[in-house]
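Take this structure first; my questions come after.
Chain nomenclature is as follows: A, B, C, D, E and F, assigned in order of appearance, with residue numbering initiated at 1 for each chain independently.
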Amino acid sequence: MLSAKLFKLRGGVHPEGRKNLSAERHIRTLPLPQKLFVPLQQHIGAPASPVVNVGDKVLKGQLIAVAQGAVSSSIHAPTSGVIVALGDHVAPHPSGLPVPTITLQSDGAENWIACETIADPFALTPEDIAARVGAAGIVGLGGATFPSALKLNLSRSSGVQTLIMNGGECEPYLTCDDRIMRERAAEIVEGIRLIAYAVAAQEILVGIEDNKPEAIAAMQAASVDTPVKVVAMPSMYPMGSEKQIIQVLTGKEVPAGGRPADIGVLVHNVATAYAVQQAIRFGKPLLSRLVTLSGGAIKTPCNVEALIGTPVEELIAFADGYAQPAARMVLGGPMMGQQFTNTNVPVVKGTSGVLALTASEIGQAEPSPCIRCSTCIRACPVGLMPVEMVSRIRASDLAAAVDFGLKDCIACGSCSYVCPAHIPLVHYFNYAKGDLAAQERTKLKQEATKKLADARNERIARIERERAEAAARRKAAREAKAAKAAAEKAAEEVA
Amino acid sequence: MLLSAIVSLTLLGTILGLLLGLAARYLKVEGNPLVAELEQLLPGSQCGQCGFPGCIGAAQALAEGSVSVTLCPPGGRAVAQLLAAKLGIEADLSGVADNVPRIAEIKEEICIGCTRCFKVCPTDAIMGAAQQIHVVFREACTACGKCEEVCPTESVKLQPIPATLQSWYWNKPTGALA
Amino acid sequence: MNPIAHSPHAHAPVSIPKVMGTVLLALTPATLFGFWLFGWPAINLWAVSLIAAILGEAFVVRMQGRAVRPVLMDGSGILTAWLLALSLPPYAPWWIAVLGSLFAVVVGKQVFGGLGQNLFNPAMAARVMLLISFPLEMTSWVAPAQAPGWLDSLRITFMSQPLDGMASASLLGHVKTEFTRGVGLDQALSGYYAPQHMLMGSRAGSLGETAAVLLLIGGLFLIARRIITWHAPVAMLLGVAVPALLFNAIDANHYAGPLVHLLSGGLMLGAFFIITDPVTSPNTAKGQFIFGLGCGLLTWIIRTWGGYPEGVAFAVMLMNAATPLIDQFVKPRIYGRDRKGAALSVEKR
Amino acid sequence: MNEKYARITKDGLWDNNVVFAQMLALCPTLAVTSSATNGLGMGLASTAVLLLSNIIISSVRQFISAEVRIPVYIVLIATLVTLVDMSLNAWVHELYKVLGLFIALIVVNCAILGRAEAFASKNSVFDAALDGLMMGIGFTLSLVVIGGVREILGSGTLFANAHLLLGSSFAFLETTIVPDYKGFLLMILPPGGFMVVGMLLAAKRVLDQRRAAREVVAVPEAVAS
Amino acid sequence: MSEYLLLLLGTALVNNVVLVKFLGLCPFMGVSKKMDGALGMSMATTFVLTLATAATWMLEHWLLMPLGIQYLRILAFILTIAAVVQFTEMVIRKTSPGLYQVLGIYLPLITTNCAVLGIALLNVQEKNSFMHSLLYGFGSALGFSLVMLLFTGLRVRLALAQVPPAFSGAPIGFVVAGLLALSFMGFAGLA
Amino acid sequence: MKLEELRGKLVYQGILLGGVALLTSAALSFASRATEADIKAAEAADLKQSLTQVLPGEYDNDLLKDTVTLHEPGGDVLAYRARRAGKVEAVVYRVTGYGYAGAIMCVMGVSREGKILGVRVISHKETPGLGDKIETAKSNWVHAFEGKWLGEPTADKWAVKKDGGIFDQFAGATITPRGVVKAVRGGLELFDKERATLLDETGAKP
């Protein structure tokens, strides 16, 4: 089963793994925090809309905010307690902006709502499974946090040949997927089969990087006598990225601007499969996730199961605090994760890791001039030319950068990682993407306001015209009247 | 020899003159389609901040090349860039303050409902009736500032739009790369 | 003014000074061999080149009001001067080295804005400039291993003493001269050319270009350290060897064979250390291959039919000029798109 | 009025200099400036044509119709150039041999047509004459400077062979700056020509910037006092 | 045949119009900021230069020479060139609006491109035969196009470089042209 | 009609350009008349000056008019003859050598006895600083030919020193002098061969 044919990944880099810091430690559960900060937006799409008010008592697992619109996801109370605030709290986002958040004071009782357990989930219809996944507020736990139900529905309707389960976990430091595969393989495999059933996939591949032999073994053992095939992939960043894992496992490429469903593939993270299994089998909504606590500045790196909304400082305290002052705190992995400065930010559905890194681990230096060494080009898994894009962006020629493929960049950071000149390439790309989006918004707005202005001008012109016409009519009438009068007068005189 | 020289060259000249005259007559380009295209790019709020009586005037001046592409404050940098691209010139955009997006806001406490702002707004972004508090539609306001000028109680003010998770994006890196 | 750093939060342990340092290291064996072969004058020349480049670069950077230290510390100026020195006749007078180094770092590099901004290879631009301006000094070669003493060397380098009795012609120059007299290749080569000497490098020529084997080893070291890739060097060697082979087969008395070409002149130095200059070469592997092929072909053409006995420097500059065009037309295929950049068609199942 | 003439003069000599600001007439500029003398000769010949063409075109400007404007200008200029060509050939034959082809090319010297279009066809005869003269002098000075730099660096002399152009009484101009100079061939060859022009352009820019900076500084001071 | 090829190579590379003969520098400097423009200019110049060398050769040999009025050469040539340009423009506009879009605005500029007149005059000076003249014109045009495209590529990249303010724009353009001319000296002695 | 209206007319444009052409060509024709003689004179003087450089001594005929054309395999050679009292005392003609960078054009003057009176290089493309020492402005090298003839030095010594002859080469540039020596020697051989024609001893009167 391990001998499945692999295709070549282009580009890619070999960052130092540093997974051993946390890989051998069992998943532990975090003690219940006092206060939980649950942001309304933890997923791609529209924020959820709260259905509770300040002062409401809620049970663990109770719906506290519902999905809004087509692309959105519901949010549930991570524990039982009282809603103490519906306000702003610092976002787990580099901007550090305050975002709408539900603050929950836990009562320590962990009183669950009633959960519906299902004995034979394969008796459910595929539609039902997707609906239950949606109701459980499950979003992709691989990082993109796209609402999973939607992905299932879209894939089912367009037809799926291959289901790929992403156990790549190519980011350095992170071991939460590794641990969950080692410890909860049976549940994951059932989740995988449920997903496959929900989208009627014919082939199921679990791709795991070969630096996780125990996870591979555990998953293999759990998938004996199932259609699930476990495939070991070479360790390389960004093997776990959706487009790249598809390329490596199937040899196919997702067309630019398209989705994997276009080529009959669905990709899900292994932790998502676990959440799906829990939701379908036990009716449990997504309330917690595994988080890797690691980095050279953390005293006891480990993996914890943390409730959504837990402030990060509690996690750090749980890991015995700092071994040395951290040069940088990061949410997620070092390659794509985001720096944060306020340790009060909450764990959200997409938080895969909390890293406290030392300066030597980061290894960043002042940027020096680009020597066009083209290392970045060789590293890019997408086949882009970062050096060319960045020079266009620096010269404020974003259109040219787009011609070079800016929009195809997956922001994996491979190029920045290898650049000997330490140029913040991805930073430039994300700036440019943001600026383009902002320009797009301005343009839309301008078009809209232009229509408004035109309408107003037209209206004013019409009013003027009507007024003038009315005046002319009145004048004509007056004149006609006068003429008539004159005529009558004349007639009278004649008479 | 003298004669032949003069005759032949005169002939050459005459023929060429006729040719050019013909060419000019039959191959004339009508009007300047550029103006219309440029006008399309301008915000169209006819606010006059550029010093022309409305966007069409600005478009004409641009087509003649008598003004810089940075003339339109409401359009800001984005429009300047579009204009420069259309005209095929390299514009020095450093002068254009990438103006912080702003929007009109009405302080309800001091609005007396005089409807002046309502009447001048070129995009119908202000709603209200006489003696009532007026409101601004965020989507329609172009921050042209006309209402600010006419308000007798200074209750309309252009305020920067606060950044949100949706509008925030990374700044441009400023490392010494020279 | 965002105090927040963008991802990635990990970086490969690489830097520009490390890259340049590795290249210098790779050049060292061939340089030392040149010192041994040509003696003290070669060492003087090398030192003068480096000093002139460092001082000149410091001065112009200072004049622009930029920080001098980081510019000098990146090592590129030193590398440029080093490569220039290696491509000069070993007994050239000091002012050749000074003028060349200054031209390289000022006109070749700093007027463009410094490291990474220049369009032409600074060392080669300087070499070509020197060659056309001072053809006499730039084509006065010496026979190897007559290494003069230190005092004599000072006289040679700093007082432009004529090198009586030591003068020799380089192989390519000699062949060119003999052709003008109507002497055939066999006769011209006899006594002048022995492959094993050429390989080891005991021949007349520029300071650092003679030891083909040591240059090859240095080049392989760079490839192993992933500073350069094989594409450009291999393509350049092919670009010279293939036409040489063809024409040699047609008329052996007029066209030298591939081995003569590969082992003579600055080809080895050029192929591994000069056309691989990242700044002035195309940035895709395919582009680099085309670039190398062009360099090789032009070198061969200039050597064979042109007025100059050696063409490496010209070929490099000509291809430098074509680099932006190559970069414009040779791009990698983007994931999910075809070669032309259109999205792949959606084929289901 | 005086201001206007000052403006025209300043434009011609510096601000709108044919070579250094308008970047026109580059071919003769680069081709003949391997020595200061050649530059001077070419400059004087061009100045003559420029002056005459500006005068003639300005005085017939009412009669010219837009459609045949350019050909008429070109014919006029061509005639003037041919006249200059003949005169040089007849009376300053040595110089003619040096400037050769480039005399004929004064016709297409874009600068002359440019002045005809941009100035002479819109201004009075006197203004046009002044403009032509100043542009011509500006052009000549540029050529002499470029030629001078190239000659000094390239051969170590200045105004070599000036007697051929100006007569033997001007032989005193001929100076050897560096005796026994080895010669820096680059400067005399085409590449050096380009580079010298580039360097001089940069120098002019630095001077202009300095001047602008001084003016900015000067204004507040004036206000303060 | 090989003689003609050699002639073509010689005029295009060894005695390049722009870099060695110093003709056509204004468009070389002026229209080399964008690739489209350079391409258009190159094509237009190639077309006109080839046609104009043919036309001026005929003029010289069939009109000026028989009548002994060579002193009208400059005048007659420049008129003819203007006519050729005008004619080209009209024909292109009529037959291929697409091409006209590309070349249109560059055609009038060519009248004052001194390369056209220069090559015509050089042909007369060197007493070239008709075929020779034609190849000379075409080869020169090829040389012009080649360096034009190379130079444009370089300038496009230059626009992205961080050139010191004193040098940005035209000055560095000249330095690059100088280095390009330096490279082309390598062709000396070929052909 | 007003000028403004006229300007728009097609005929006007034709006439305008034609008229301008008329005027200018007329002007040029007259100018040509005026300068023709001077130009001819200047060119003649030019030629004469270059010829007399290699013809030391006094002659009493008009060099430029007294020419003879030799039909050689390598192309026609135009020779000018200098006479004293009707007798051809010396001849001048061009020879072409091939140097490092192409053709080197020389004129040489040969006396009645077959001795070289002088050699000058009129045009060459040799490298400045290396090969250009063949110009009198740069070195005296060409004067070495003066007084030499085919017997002095002997045939095998008519070469540069490097090739065993008596003429100097330049440091680092042997090809150029080699080319010139070969050309001059060829010129002397030509004189030998065509002596009768050149010296006007075939009977034709001047």
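Some observations on this one:
Convention: a residue touches a chain if its C-beta (ideal position, glycine included) is under 8 Å from a C-beta of that chain, and two chains touch if they have at least 3 such contacts.
Bear in mind the structure is a predicted one, so any value in this text is a computation, not a measurement.
Touch-path distance (fewest steps) from chain A to chain E is 1. Comparing chain pairs B-F and D-E by the number of C-beta pairs in contact, the larger count belongs to D-E. Using the mean of the Cα atoms as each chain's centre, the chain most removed from chain B is F. Averaged C-alpha coordinates put the centre of chain C at 44 Å from the centre of chain F. Centre-to-centre separation of chain E and chain F, using mean CA positions: 32 Å. With each centre defined as the average position of its C-alpha atoms, the distance from chain B to chain E rounds to 40 Å.
Across the assembly, chain C contributes residues 6, 107, 111, 113-114, 117, 129, 132, 134, 307, 327 that each touch 2 or more other chains. Taken residue by residue, chain F touches two or more other chains at 13, 16-17, 20-21, 24-25, 28-29, 31-32, 100-101, 129, whereas all remaining positions touch fewer.
Across the assembly, chain D contributes residues 66-68, 71, 75, 78-79, 82, 86, 182, 185, 189, 191, 195, 202 that each touch 2 or more other chains.
For chain D in complex with chain F, the touching residues are 62-68, 71-72, 75-76, 78-79, 82-83, 86-87, 89-91, 93, 97, 182-183, 185, 188.
Those residues of chain B that touch chain A in the complex are listed here as 43-46, 75-76, 78-79, 81, 85, 93, 101, 122-125, 139-142, 163-165, 167-173, 175-178. Every residue of chain C that touches chain F in the complex is listed here, in rising order: 134-136, 139-140, 177, 180-181, 307.
Across the complex, chain C is touched by residues 100-101, 127, 129-130, 163, 171-175, 178 of chain F.
Against chain F, the residues of chain B that register as touching in their complex are 1-2, 5-6, 9-18, 20-22, 25.
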